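Below: one structure, written as structure tokens.
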Amino acid sequence: MAIKNADRNYIEKVFEEAYQKGLAVTSQGHKADYIPELAKADENAFGICAMDKNGEFVGIGDIDTRFSMQSISKVLTLSAAIEMMGFDEVFSNVMFEPSGDGFNSIVKLDTVSNLPYNPMINAGAIQIASMLADNVSFDNLLDFAREFCHDSKIELNEPVYRSECETGDRNRAIAYLLKSKGVLKADIEKTCDLYFKMCSLNVTARSLAGMGLIISNDGVNPFTEKRYISHENVRTLKSIMFSCGMYDRSGEFSVKVGVPAKSGVGGGIVCAARGPLGIGIYGPALDHKGNSIAGVAAMEHISGSLNLHIFD
Amino acid sequence: MAIKNADRNYIEKVFEEAYQKGLAVTSQGHKADYIPELAKADENAFGICAMDKNGEFVGIGDIDTRFSMQSISKVLTLSAAIEMMGFDEVFSNVMFEPSGDGFNSIVKLDTVSNLPYNPMINAGAIQIASMLADNVSFDNLLDFAREFCHDSKIELNEPVYRSECETGDRNRAIAYLLKSKGVLKADIEKTCDLYFKMCSLNVTARSLAGMGLIISNDGVNPFTEKRYISHENVRTLKSIMFSCGMYDRSGEFSVKVGVPAKSGVGGGIVCAARGPLGIGIYGPALDHKGNSIAGVAAMEHISGSLNLHIFD
Amino acid sequence: MAIKNADRNYIEKVFEEAYQKGLAVTSQGHKADYIPELAKADENAFGICAMDKNGEFVGIGDIDTRFSMQSISKVLTLSAAIEMMGFDEVFSNVMFEPSGDGFNSIVKLDTVSNLPYNPMINAGAIQIASMLADNVSFDNLLDFAREFCHDSKIELNEPVYRSECETGDRNRAIAYLLKSKGVLKADIEKTCDLYFKMCSLNVTARSLAGMGLIISNDGVNPFTEKRYISHENVRTLKSIMFSCGMYDRSGEFSVKVGVPAKSGVGGGIVCAARGPLGIGIYGPALDHKGNSIAGVAAMEHISGSLNLHIFD
Amino acid sequence: MAIKNADRNYIEKVFEEAYQKGLAVTSQGHKADYIPELAKADENAFGICAMDKNGEFVGIGDIDTRFSMQSISKVLTLSAAIEMMGFDEVFSNVMFEPSGDGFNSIVKLDTVSNLPYNPMINAGAIQIASMLADNVSFDNLLDFAREFCHDSKIELNEPVYRSECETGDRNRAIAYLLKSKGVLKADIEKTCDLYFKMCSLNVTARSLAGMGLIISNDGVNPFTEKRYISHENVRTLKSIMFSCGMYDRSGEFSVKVGVPAKSGVGGGIVCAARGPLGIGIYGPALDHKGNSIAGVAAMEHISGSLNLHIFD
């Protein structure tokens, strides 16, 4: 399923069509506004980037515009945590069940479960951040992000970070609730600070294509052959992305697109498709669940046309 | 309904019977254990104190044992807030509806309402504390508590206070959630600190009888004739205590006892009965809702025998 | 607190003012539309009727317009059930706690409690209906309603009844959920049929004043001296009406009005005020909780002006 | 991934080990008891059957014991509905999101969504049944089940069916709630009757292996080459089974096993693994989520040893 020279023309045509399909629905979406900095994005921006293990890539539109990772960082922190601490340690502190609730919901923690439902919702990612906070510095994670995305220019977006800190009280509420249950054991401010910083990493659609390629390529950078995640852990990561990666539209995405993916309210989507093929998308106009509306439309076309659905 | 000399014997007999009825069920209750300091209480302790406006009183059992007010302080802080800021200001920040949920529940705040349901649950009292925190010092409130309870010896129970601070993460979660909604505007730690301190005030059953007497006597200390709460505000306070004062057993208490009351997980109950008559109870063995199990049983007998039910 | 000749002029003035205050807010309310028949009401209709035990009464506006009782019938069925089966039997099948949820909510039954929270929400009234269904005929209850309201002309409103039957699937869902828990034991259709019929009884503001007068007068018709409810059961009834009678605005009504009352989405409110004084209201424009918007405004004025608040 | 002769020995060894691993945990599970008939099962029974497209199969233990399909029938009815009515019609009446709640939960329908979350929970399957009820007879569906499972002996288990009817009030509650929202339009009893009958079909582990084989083989019976489900619909079916098939343990199963599957409280599991390979399991001792405890343990071993995880 690699992007072969032979069908280069077809592939480019598919991506071009996907780009047009995405553009066509952009006006139906809306920028995130709950963090003031996010409301500054250009609502019409849209870019798609794909990269295979031969280094060939397709790029259309705003693929080098910087934006904050937001929830896509949950993939990075889960990857780091599971590699550092192992499957058993991580998953005795967070479950792997889709929650059926919004990404920042508290209700299940208050009523049915001490453990966060999965690492792709805020509660789970905050729990993961708390476990990382005592073991790794932000700088280490920044380096990890840069390597994982083949993008040495990833930096902390300071205004977004400050905006997250200033408006992150719901996340602090989640952290304190987890602490009250004895699940979260680290310092709250340190935990939230790391969580906010990771959400504020500035990436591009191109960086996300690189990130998706490594996940797609069994955790290995195909150009350097350096392994970042073990085979078993990549399998776990893909399974969780598949079930829980697209907020509470994950089920629909798994049916219609069928590719492990993760979106963020900054407008990014990272996809780890068969091939191996990494796809990164930037489109800050969101559907009402928090996913790039153009990105979802584009991915449906790409997956259908290139047979990327895991059950194809 | 004042305790008249004429029926002094009958009244003493009723209280004695109530005391025995309370003792008989004490072993069915359990001490609060979610704050370590509370678990140190003597589970068999029990005391009832009643005081009328002539200064006559009945006291049986452990009426001078000190214990922390816990949720009974919610009556003090609501009284202070409503007097200082007025009805409209207070009740544009908190509702007056029974919640149907546990006292420390978060679920309605997360799903159906930005405002806390009422000032007798943690969310509401924390909101009230946030409004007080910027306007009044703890020392002022301590003075208010002492006067309101006719008890100059009320002090901060330091071990309970430290225990509250150390284990109060659920309350901090509530505070942050309120802040995330723009409802709570004060500093969180200052708010929680005041809330924890008020919960940690050391009272006795006798102090609570004094407090109940003032509420019962239309907000006026009958001995000094000093008014602490306006008539309109006392009416509001009694209505809320009646509907929401006994955790999620408030409905049952309103049917079976029918007296405005407030309980705390420290084992205290304050009742503002007709007469005017103040009744204070200490019994740290709690029912599964958080009310003194002996206290509820005793009050049912007292109310029935002395016709204290508001609908009698 | 009876309406005495002496202050007849003042009382009439208060009611007239209350009527004007009610009229002034009528346009802010909306007719119930979830049952098609209710949407046929005249949204501007409004009437207030009060009756004391001397038979004197005040009546302003549409006091003889017929409308369906809807939830006000919950007072009748609870009264009938508690008289026939006794307190213990009734309250081992339904609780007396305010629910904090909408009147037709299912969520607490699905998650935290097998028993309905109280007899004033649909779940509780359906459970009461199921207990009555095997013991009493609709005709008996119709006779009871006529006597209780001093209104021999109360009839089943056939179009409303058919409308209830046709659109009552949420109530059937509640009934089946109660049956699945082993709480509701009677036949479902028989239960729902009785429940729907009772909701469809046609009354007037005048009938409700009569009903309120009996409740206010300790369960006794002051003109015939016939007792309909025992003293203990009236006390229970008033307590539950006070805490739970005005849907999820009951807390606010208890604070601002302070009179046991029950509203229905047909636009009626029955109040059992001190005096004894019965007040019946008809105003089909509802607030967003389901209470007559004009009726609530009027009652606030009447209670404040005539000192009817139970904590006054 | 077909079971080739070459590694026949290895495959038999893997299944034998899986069987032993399943047996070892059987005593930790418990039979379903909410339907009396299910409580009659032999709690120690356990069988695994696998079938590839060459007709070769592995069978160990109780592979010919009859038991009721229960929720596994949700796969049959979804397949039938999607084939008859098409994707758009089906999924405008039910979503494809994991719910995060128990299979028979009502809470999300009452609070956040008019449509059932997915067709693998009771609400969704009842909605599907309502759509089938007007278009197809039970006999047609029985024929479909027999063909789909390569098992002409599938019959209605009459005692289970009667038991379902008698105790199915929670399901009727769900049906009425759906009807009250205008989502379910068919007759309730007809709908529930079809739903109960489908749950009561008697299958064996061998039948389920046959069923899994067709799903695994792109909807085509490999022996007759008859297609039962279109390619697109099989893809949808597998995606939903992957995300939602194992009750609220679906996330864990997707991570640890990674095979589209569906379990039933009768103790059955159907798996549609790569190969194509169909696996059927019978083990009535359930984990606390409702899945065969031995079956889950066995599948984890089989998937790991034969590389069946979709992300391997």
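Couple of notes before you dig in:
As written, the chain order gives the labels A, B, C and D, with residue 1 at the start of each chain.
Just so we're on the same page, a contact is a pair of C-beta atoms (placed from the backbone, for glycine too) under 8 Å apart; a residue touches a chain by one contact, two chains touch by 3 or more.
From a predicted model like this one, the values you see are computed outputs, not experimental measurements.
Here C-D and B-C are compared, and the pair linked by more C-beta contacts is B-C. Farthest chain from subunit C (centres taken as the mean of C-alpha atoms): A. Centre to centre, using the average C-alpha position, subunit A and subunit C are separated by 54 Å.
Once the centre of each chain is set as its mean CA position, subunit C and subunit D turn out to be 48 Å apart. Inter-chain centre distance (subunit B to subunit C, centres taken as mean C-alpha positions): 32 Å. Looking at subunit C, residues 111 sit in touch with two or more other chains. On subunit B, the positions that touch subunit A within their shared complex are 105-107, 110-111, 167, 169-170, 172-177, 179-180. For subunit A in complex with subunit D, the residues that touch the partner chain are 95-101, 108, 117-118, 234-236, 238-240, 242-244, 248-252, 254-255, 258, 260, 309-312.
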